[in-house]
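Two complexes come next, and they have one chain in common, chain A, joined by chain B in the first and chain C in the second.
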Partner chain A sequence: EKADPQKTAFLLRKAWTLYSVTPLYRFRRARLRDYARLLGAFIAAEKQKGLAVEVGVELDIKVALSSLADLRGSELDQAALLVQLSSRSKASSRSSEDKLVWSGWFCSVFGDDLSENVPEQFTCLPLFLTHGAESYTSLVGSWFQKTFDCCFRRLAISPLNLSWMVAMWAGCKLDRAASAVELIFSVPRLSQPLDISYAIHPEDAKALWDTVQKTPGEITQEEVDVFMDCLYAHFHRHFKIHLSAAKLVKVSTAIASAHCDGIVKILHSQYLPGVLMLLTELAISQIQ
Partner chain B sequence: MDETVAEYIRRTVLKIPRDEIKMMLQKWGFLSEAQLQTLNFHQIKDNISQEVVQLCEENSANIKQAAALDIIYNHIYQNKRMWSVYQMKKSGEELEYFDITDFKKKFKGRLRSTLKNVTITFKEYEDNAIWIRVAWGTPYKKPNQYKPSYVVYHSQTPYVFISASVLKSNLPLLCQALIVASNYHDIREMELRSHSLDSLKDIVFKRYSQNFQTYTPKLLQEENVEPENADIRIVQENRSEKERIHKLNQEAFGSGPQPKLEFAQYRLETMFKSDPKMDVLDKKEPFRCLVKFSSPHLLESLKSLAPAGMADAPLSPLLTCIPHKARNYFKIREKKGLHPENLVSS
Partner chain C sequence: HLATSLPLPSERDHLRPSIDLVVFMIDIKSKYSLKNVETSLAHVDASFFLGKVCFLVTGVGRVNACSIETNAVCKLGEAYCSPVLFCELELEGTRIATAQRLVRMLRICAGHIPGVSALSFVSLMRKSDDD
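Coming up: the complex of A and B.
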């Protein structure tokens, strides 16, 4: 389960946009170089057509595909697949001057629910995370859809799932300099929209969670509900506002942050597998 | 004309939206009407500003005149800046006659005696507001014109509105100069901040319609009667509840428009209290939280929460007290003693 921190360092402290991906048909691990070449050609061709690239940018896009063997839950999971787009200005030909412009990676962490029910020619990597311009995401997505007959969908995160995340992450062991446990709510349908940020000292949030969680290592929906109800009640005592009626839009802790539009930032390598496992589960429920 | 002055004027003009440039230059009054006629306002702003600089060159503009243009821009676009409110205190009760010349002289004198390199500009407006612009330098460097502080002082009041530059270290000096010049003996920062300078003035000068205490509930109820449909079987179930909420809202917020604030922040250091059945946290120490409310128009937004079913009526006094306590930053602690339920703000 332990991924080499050096190899996964690039994942941390970046905002990743989440998608669910249906299984890839006839994907061959051995052909990564070919795929990189084909994807590169596809992107160049689309650029020629004048589609989806920023105006005035004279860049060659180089594609690199690689496997991240360590990034998986168990042996039943496929190794993660990393796609990187780098630009090189036409003037120079030295690869040392390549600049990374977009990255995306497919992964599965304990995604057995999906993979055990799928025929052999399919590769299951249900979670797709991207960082970089939307135009590149679109190009990469189109190529994968055409080539492997799969389907991408933005992965929204419901308030229910956000509250799971904040409860879980608030309970994690802390360093000295942990940041606050913050919940951001939005009340859009008023005459003037209202945003509410509710940030709790990380030690106090953890202390609360520790009294709520009955079995270490296990979390139940009931425990998450009690945790959230406590926070709502404390808020109501002061402001007389029913926070439970507002929309939970974003949660943020020292471990990671997540936004309901399906954007996640992971801050601690130690908790990377746990976060990815949760996200894989969400992706799979969206697919099924 | 000094190159730095030229550049400063060029950049100031570039900030102005194209169709407002002519009006602002007219307000400035430094260029003659004849000179303004020669300007082509239909070209790109880059070119307009170059032409303005050339005209200023002809008139030999200096930094003081350039600073005057900057004040005019910031007076019109005052809501782009964040303003803090300060309150000055007098030792005695005497109402002294305010002499603007004396004020300016003392202000300049106090600043200059500590800091040689400052640019100080004044402008008076019809509403008795005195605008002061201060660009700060060091003993070795000329003033940085791009990060000035702005002060708005209404001489009939003890309130000063300050939009400080990033250089916070100059704030004490600025405050000192203000109390010396205005003959007060102390100044303190209030916990009140907003982009809307007018709303801050509304709050401290009490220019908004305030809550009516208890004398008008009957009037409000009459006002609220809707012409009933012919069919008496159609009844609004929550009618009395709606009216109750409306009445309480009016009492808390008043019936007029609210001053415009964008946020309120509460640092909570109160105890976590829970239903003993829940068997959760029972610490003897405060549950530390920081709550921040933001909205394009916060008070209107809060006022609409109870009618929308999102909050109880009456809304918490922590929220409704914002205008009359003239603050939007709070620290809330538990009150010890007889009434542990009560919350104390400091």
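Coming up: the complex of A and C.
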């Protein structure tokens, strides 16, 4: 499924914080305008209560909800849902003054594992990505939880999953010069925290992956293990440090980067569906 | 007796009492610990694998810090006919329970429990496979 690159351009090169979301109960696509109005009122009410977000300038928050029909894996997936909060200073009421302060979107890319087993009145959009102040995220999250009886949880990414990502992404073919493949490790149990950054030339990384992968389009745990073991062995030969005993906290490639706290940045539109499919899978396994 | 890897240094062979149970500890957060155990297994005499070896996987409380697939450890247990125990050392409750369990196993392996020997562990493991 190819999404229109213009529509999805806003997704790229931004750091998105990931959450898993349980299915939404009685969510109606036709009521997006109503929901936007209700969410806007909820945010305004919370601000009145003093749970205000912005200190200083009085800002009106305008909410927009829209569907991104192209952002899905198959017809079985629900179309993605985009939530945008814009601020308009009270002084001016011209819409050109609107500034986007927070965005979040729900999506499902090949999330059949979840949607197959769920009763009809539920809408499955297991992956939630946010960009903007945490306080807005919690306001939006609370409203969705109250309205659709769903549950949000931060999606952490284990070192095991990060190594899958770096193996998959390092092996992707790119037309132009790519940035280095970088792995960042944190060393445990030291008095001073120590981070090790291991950067590999992207062509070397791809060449290594090509020798490891047996069937194009298919990846096995063994192949990921062999790929990582080669990188660890190479590092050990030079620095006498066993990276396999450290914690892999972040991986970065020309396609995308991911941090174990559940923060991703997608850099290349061509591989957007692939990355979202992997993240959807992680979100679903966290829910189940 | 605690060792970071096998084989044990030969200098102290004559001073060492006989070994009744070998517990291989694998930290789920460290791929290195799994590799270390795999290499050390080669140095264990085959007779130990009749119930005198077990694998202890630690750190299982933190699912998000996994560097090892639990499947891989279970396969290791099956390959060597030895039980795999999971625990979280940072929690006092499981730590104590696991220690008690290991001591019970050790007493059986050392022959202190009449009527039960280390071989019982092997047959217990086979039973669960047949289910």
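Following the convention adopted for this analysis, the second predicted complex is superposed on the first by the 286 of 288 C-alpha atoms of A that agree within 3 Å, B and C clash if a C-alpha of one lies under 4 Å from a C-alpha of the other, contacts with A are read in each partner's own complex, and residues count from 1 in each chain.
Heads up, the rule we're going with is that a contact is a pair of C-beta atoms (placed from the backbone, for glycine too) under 8 Å apart; a residue touches a chain by one contact, two chains touch by 3 or more.
Values in this document were obtained by computation on a predicted structure and should not be read as measured data.
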For this session: Once the structures are superposed on A, label A:V212 by its partner contacts, choosing first (chain B), second (chain C), both or neither.
Result: first
Problem set entry | chain B versus chain C as contact partner of A:N117, first or second or both or neither | neither
Problem set entry | Partner chain(s) touched by A:Q288 [first = chain B, second = chain C, both, neither] | neither
Exercise. Who does A:I157 touch here: chain B (first), chain C (second), both, or neither?
Worked result: second
Exercise. Which partner does A:C260 reach: the first (chain B), the second (chain C), both, or neither?
Worked result: second
For this session: May I ask you to decide whether A:T220 touches chain B, chain C, both, or neither, giving the answer as first, second, both or neither?
Result: neither
Seminar exercise, completed: The chain contacting more residues of chain A, comparing chain B with chain C, is B
Problem set entry | Partner chain(s) touched by A:A245 [first = chain B, second = chain C, both, neither] | both
Exercise. Just which bits of chain A does chain B share with chain C as contact spots?
Worked result: 242, 245
For this session: Please give the residue numbers of chain A that touch chain C in the complex, ascending.
Result: 156-160, 163, 188, 221, 228, 232, 242, 244-245, 247-248, 260
For this session: Can you check the complex and tell me which residues of chain B touch chain A?
Result: 266, 268, 270, 272-274, 278-283, 286-298, 300-302, 304-305, 308-312, 314-316, 318-319, 332, 343
Problem set entry | Contacting residues of chain A [partner chain B, same complex] | 180, 187, 189-201, 204, 207-208, 211-212, 226, 230, 233-235, 237-242, 245-246
Problem set entry | Interface residues, chain C side, partner chain A - complex | 29-33, 35, 63-69, 72
